[in-house]
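Consider the two complexes below, in which chain A is the common component and chain B and chain C are the respective partners.
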Partner chain A sequence: MNHATRRWALAGLVLVLVLLPVVGSRYVVYLTVHILLLGLNAVGFNLLFGQTGLLSFGQAGFYAVGAYTCARILLAWPSLLPGVLGGTAAAAVAALVLGYLSVRHTRIYFAMLTLAFGMMIFSLAWKWRAVTGGDDGLVGVPRAPLELLGLVVPLPTVERYYYVVLVAAVLGVVVMHRVVHSPLGLALRAVRDSEVRAAHVGLDVRSLRLVAFTVAGAYAGLAGSLLPPLENTVTPPIAHWTASAEPVLATLLGGIRSFAGPLVGAFVLVVAKDVIVRFTVHWSLVLGVVVVVLVLGFRGGLVAALEGLALRAPRVQPAAAGEEGG
Partner chain B sequence: MALLVARGLRKRFGDLAAVDGLDVQVEEGECVALIGPNGAGKTTALNLLSGYLLPDEGHIFFRGEDITRLPAHARVHRGLARSFQVMTVFPELTARENLLVAILAREKAARHALRPVRAWRQAHEEADALLAELGLAGCAEVPAGSLAHGDQRRLELGIALSSRPRLCLLDEPSSGLNPLERAGLLELVRRLAEGRGVTFLVVEHDMDVVFGLAQRMVVMNRGRVLAEGPPEAIRQNREVRETYLGEEA
Partner chain C sequence: MRWVWVPLVVVALLAGASWSAAGPATCALGVPTIKLGVQGAASGPHADYGRQIEMGAQLAIEEINAAGGILGCRLEMRFMDEELRPATAVRNARFLVTEWGAHFLYGVDSSGSAMALGPVLRELDRIQFFTHAATHRLTEELVAQQKIKQIVRVSAPVYQDAVAAWLFRDRRDVRRWATIGADYEYGYATWAIFREQMRRLRPDVEFVGAAWAPFLTTDFSPHIAAVMATNPDGIIATPWAGEAVTLLRQALLQGVFDRIKVWFQAMGGSVDVLEGISQEVKEGRFQGKLYATARYIHNWPNTETNRSFVSRFAKRWNRMPNYSAETTYSAIYITKAAVERARSLQTDRVIAALQGMRIETPAGVRVFRSEDHQFVYAVPAGKVVWDPRYPIAVLGELKVFDPKDYWRWPPFRPLELSK
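Let's look at the complex of A and B:
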């Protein structure tokens, strides 16, 4: 896909997203909020996975830290911005602390540690009744108004709240795009490619990993803290390790090596789940099969596969045909 | 003052003392070859000097500073770079990015998270000039992992030099190359060394190559220095001939 096509596609997508509450049903808007939240989480996760080469299985923990913190703030002080910013900051701090303990390990050891820390947060959500409400969770969280520069914007409807989430998601994606193309992003890819070589060009490998982990945690926390105002409740299952699999699956589906991969994957995963749930109670089995087929069928992810198709279509030289055989 | 001084370095792996009381010194501007039979401890010595491993005993001074306990990345910033025996480039980064990341790390620019890499114009110019010197100008956009073996070897040399080291440690820079490529690579090392005033400490296996390149040789055996001196003296040294050059003498 060349620059011009990409730009037009992006403009079209933004137009659709902006007009969605006007043309789509309330349920479509609600579903899109979930796509954006998972997209944000997955985009952050992929800085850690695709860019830095670390597979975290504990992102749901930071998502939950964001969600619970935001819910507690909103219950005490019904104003959206402090809730969301507080939730994001709490998740970033949690990621900084747990990351400090995790990033000295890599590969399976890192994955297992993050899984364990994630489940630790799950246990806290379950048992620390005074703060988290235990298995009841926190209920009656208000969709507090957005107060900014003396302006008070009430958010009574899902459609209005959707725009808040859309702005947060666009900001998050734009910032991540810059990070990935910055010297920091290049350094993270160097760490991914060869830890030893990276250290010997003067990069502090452990600090770089910790930065990536903290940023990924902050993104999970941002996504998580946007959840309670939508649902008005927070319950422990959002912290469970099965929830940690969602950004992993979304990223694998969309492709770890393309920037848009996690976003496309989040879209496919949320929509596929929503469709499958209508037909069977065994939806997780069917969804699992769909994910396996997609991951195996589109090596490198959907985005890479689609770009490959777009590149191949207009080409008719024999050289291109030869490549297909390989 | 010597550029690098190592005193009484020791490193054990279980029962094996890979480096066992090594004393070595490198002066500014010279090219020193570190040779020795297999298992003499050459690579371990390099790993201790570069900070890849920490010694059990002994001290390393670089430009007068005790760097014995410094991590590798901190040594690079003080002017001590290295290459590896087993090929180590960044395989999924392009050839240009391989050099860029080393240049940006040297400039301590890796902490910049919001400005695009392309904003560092000078770093790009430097990377492209070095690619041309390495004979890799045509491969700037190629992922390093897809380059031919010889090209990867030269790129690795380029990565080490992108740190603008005072001292560059090369661990068998020509391993895996055919004789023709070997000669080319060592000629490249010589040319790059002259232009930059870099001091080299080279571990090599190919004796012909080393005799042509180094002004001074250090021969290791069983983890310590067996002999050192100018190449001709080493060639004449009876002990060295027995332990190492045996079959060639």
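Let's look at the complex of A and C:
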């Protein structure tokens, strides 16, 4: 796919997303917010997984730190921007601290450490009733207005809030695109491919891993902090390890080697579940089968498979087609 | 331009994710059918509660439709798995109302889900009849304080567990109480209201120990050992569903029933728990020391309404009705009564029609409490016994107390929760 076609496709996609509240139902808009939140989380996660080669099972913890911090801020000071920025910053700080302890290890040890830290945050959310509301969570979080440069934008409807999430998601994706294609992204891939070689050329492997971990945590926190204004509630299950599996699944489905993979995976995962639960209460079984089929059938991810199709197609040149026709 | 199809596919899939609920009006209320969105836990270890919600709802709908519907309008149900996850419950509610077109909502099992749904119901402006979630905060905070009028609870809240204090108030030999509590709000609230009531009724009792078991605990032996070390006369336990069965079996294995005088299992009158311990009850292994309550018990009250309901339920599903089945069944009949009185599906009119409602249901007479939209009714407590007339263990030696005695009443003051 050449750049011009890619730009047209992206422009079309953005146009669809911008027009969605006009052409789609309220539920489709709501569902798309969830796709964007998972997509944002998964894009951040893939900096760690696809680019740096570290599989974290604790992203839900940072998502929850962002969500709870944002909720507490909004309950005390109903203004969206401080809530979202505060939630993102808190998640980044948590990721920096826990990352410092985690990136000393790699592979299964790293995965287990992140799982343990994630579940520690889940336990805190469950037990620290004075701050988190315990198992009932924090209820009645306002969808506070967006106050920026003296401008106050009220967000009473999901449709209006959708645009806030869309802008945050687009900014997040653009920034991540720059990061992945920057010297930092190259260095992370060098660490992923051979940490010994990376160290020998002078890269600080542990610091680079910590940067990736912190950025991924910040992205999870940003996605998490955009949740309470949507749902008006934050509850502990968002911090559970099963929630950590969602960005992992989305990334695997879409493809870890493709920048768009986590976004496509998030879309497929959310829509597939939403459609399946309408037809059966045994949705988890059906969704599991669908995921297994997709992962086995599209090794390397859906985006890689689609790109493979696109690459095969140009081999049929007009002249060749004429020869075949003859 | 091969990639241009990407946004088109996105549009098609998003469009496919929704379908219109519009259609020709065919009944007196101006809709083709009255749509009832129902949620309950349908997966995981608590799935039987959701299944019972679904069975209760379906039975009520079949009966009402067979009798001509509500003002000539047929009822239609859509059931969804709540997964005991608040985020899922909220998403389901949004789907059921904004996509499927539900006029009323029913369920849910989890208190966390109930609390998360509250603010969303106000936004959706749909009445949800809560038929299991028991947290007192749902009605005390969200309705009485925050005035979320779309919340109506048909099932008994956590207040029901305070009946234990009244059940044992005359047992002078039971002075030392301990709890094996669910390590979340339900367990804390039960222990708090039980102690509050007991202190009032029996100033001589002592609360000697507490052990808290997290959700989905499978090994209760450390909790049992910790509580037994305090040498209690009575134990009040709040793990529920399959966890209650596991806890009781492990207590038997550890010889607890040889050393205590009474054990009160808060929701032990639930059908799934009674089914799980039937063999042990039949063999007399609890030595007549096991007591329980629930939010409805199928062998009480001895009214034609209840006997008929239990008989029809058992015939339809080959199961005894659990409390979540009865509460959902009754909620749909309450809807029928309110809509017939309001002659409208509009939220404000239906809520107005609920004011002052007093309705006969299988669980007995339910009375609408306008301050917090809680239906008040009595559920007895009793001893878990084997009765050959039933296929499972039942509650016997039932004692009924007036909810005025042990429920919380407005104006509400915050409940002090502590371990």
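Assume the second predicted complex is superposed on the first by the 314 of 326 C-alpha atoms of A that agree within 3 Å, B and C clash if a C-alpha of one lies under 4 Å from a C-alpha of the other, contacts with A are read in each partner's own complex, and residues count from 1 in each chain.
FYI, a contact is a pair of C-beta atoms (placed from the backbone, for glycine too) under 8 Å apart; a residue touches a chain by one contact, two chains touch by 3 or more.
What you see is a predicted model, and the numbers here were worked out from it, not measured in a lab.
With both structures placed on the common chain, the touch criterion links A:293 to neither chain B nor chain C. When both complexes are overlaid on chain A, the residue A:179 reaches chain B alone and has no touch with chain C. Using the contact criterion defined above for the overlaid structures, shared-chain residue A:30 touches chain C, although it does not reach chain B.
In the overlay built on the shared chain, the residue A:187 is in contact with chain B alone; chain C does not reach it. Residue contacts after overlaying the shared chain place A:18 against neither chain B nor chain C.
In the superposition on chain A, contact is made by A:208 with chain B only, not with chain C. Contact comparison for chain A: of chain B and chain C, C touches the greater number of residues.
On chain A, the surface touched by chain B in one complex and the surface touched by chain C in the other have no residue in common.
Interface of chain B with chain A (complex): residues 50-52, 71-73, 76-77, 81-82, 84, 88-93, 97, 100-102, 104-106, 109-117, 120, 159-160, 162-163.
Remark: chain C residues 1-4, 6-8, 10-11, 13-18, 42-43, 50, 79-81, 85-87, 90-92, 94-95, 98-99, 111-112, 115-116, 118-120, 123, 135, 137, 141-142, 146, 184-185, 214-215, 417 touch chain A in the complex.
Only residues 1, 5-6, 8-9, 12-13, 15-16, 20, 23-28, 30-32, 34, 126, 129, 134-137, 139-140, 231-233, 235-238, 267, 271, 274-275, 277-278, 281-284, 310, 313 of chain A touch chain C when the two sit together in their complex. Across the interface of their complex, chain B is touched by residues 175, 178-179, 181-187, 189-190, 192-194, 196-205, 208 of chain A.
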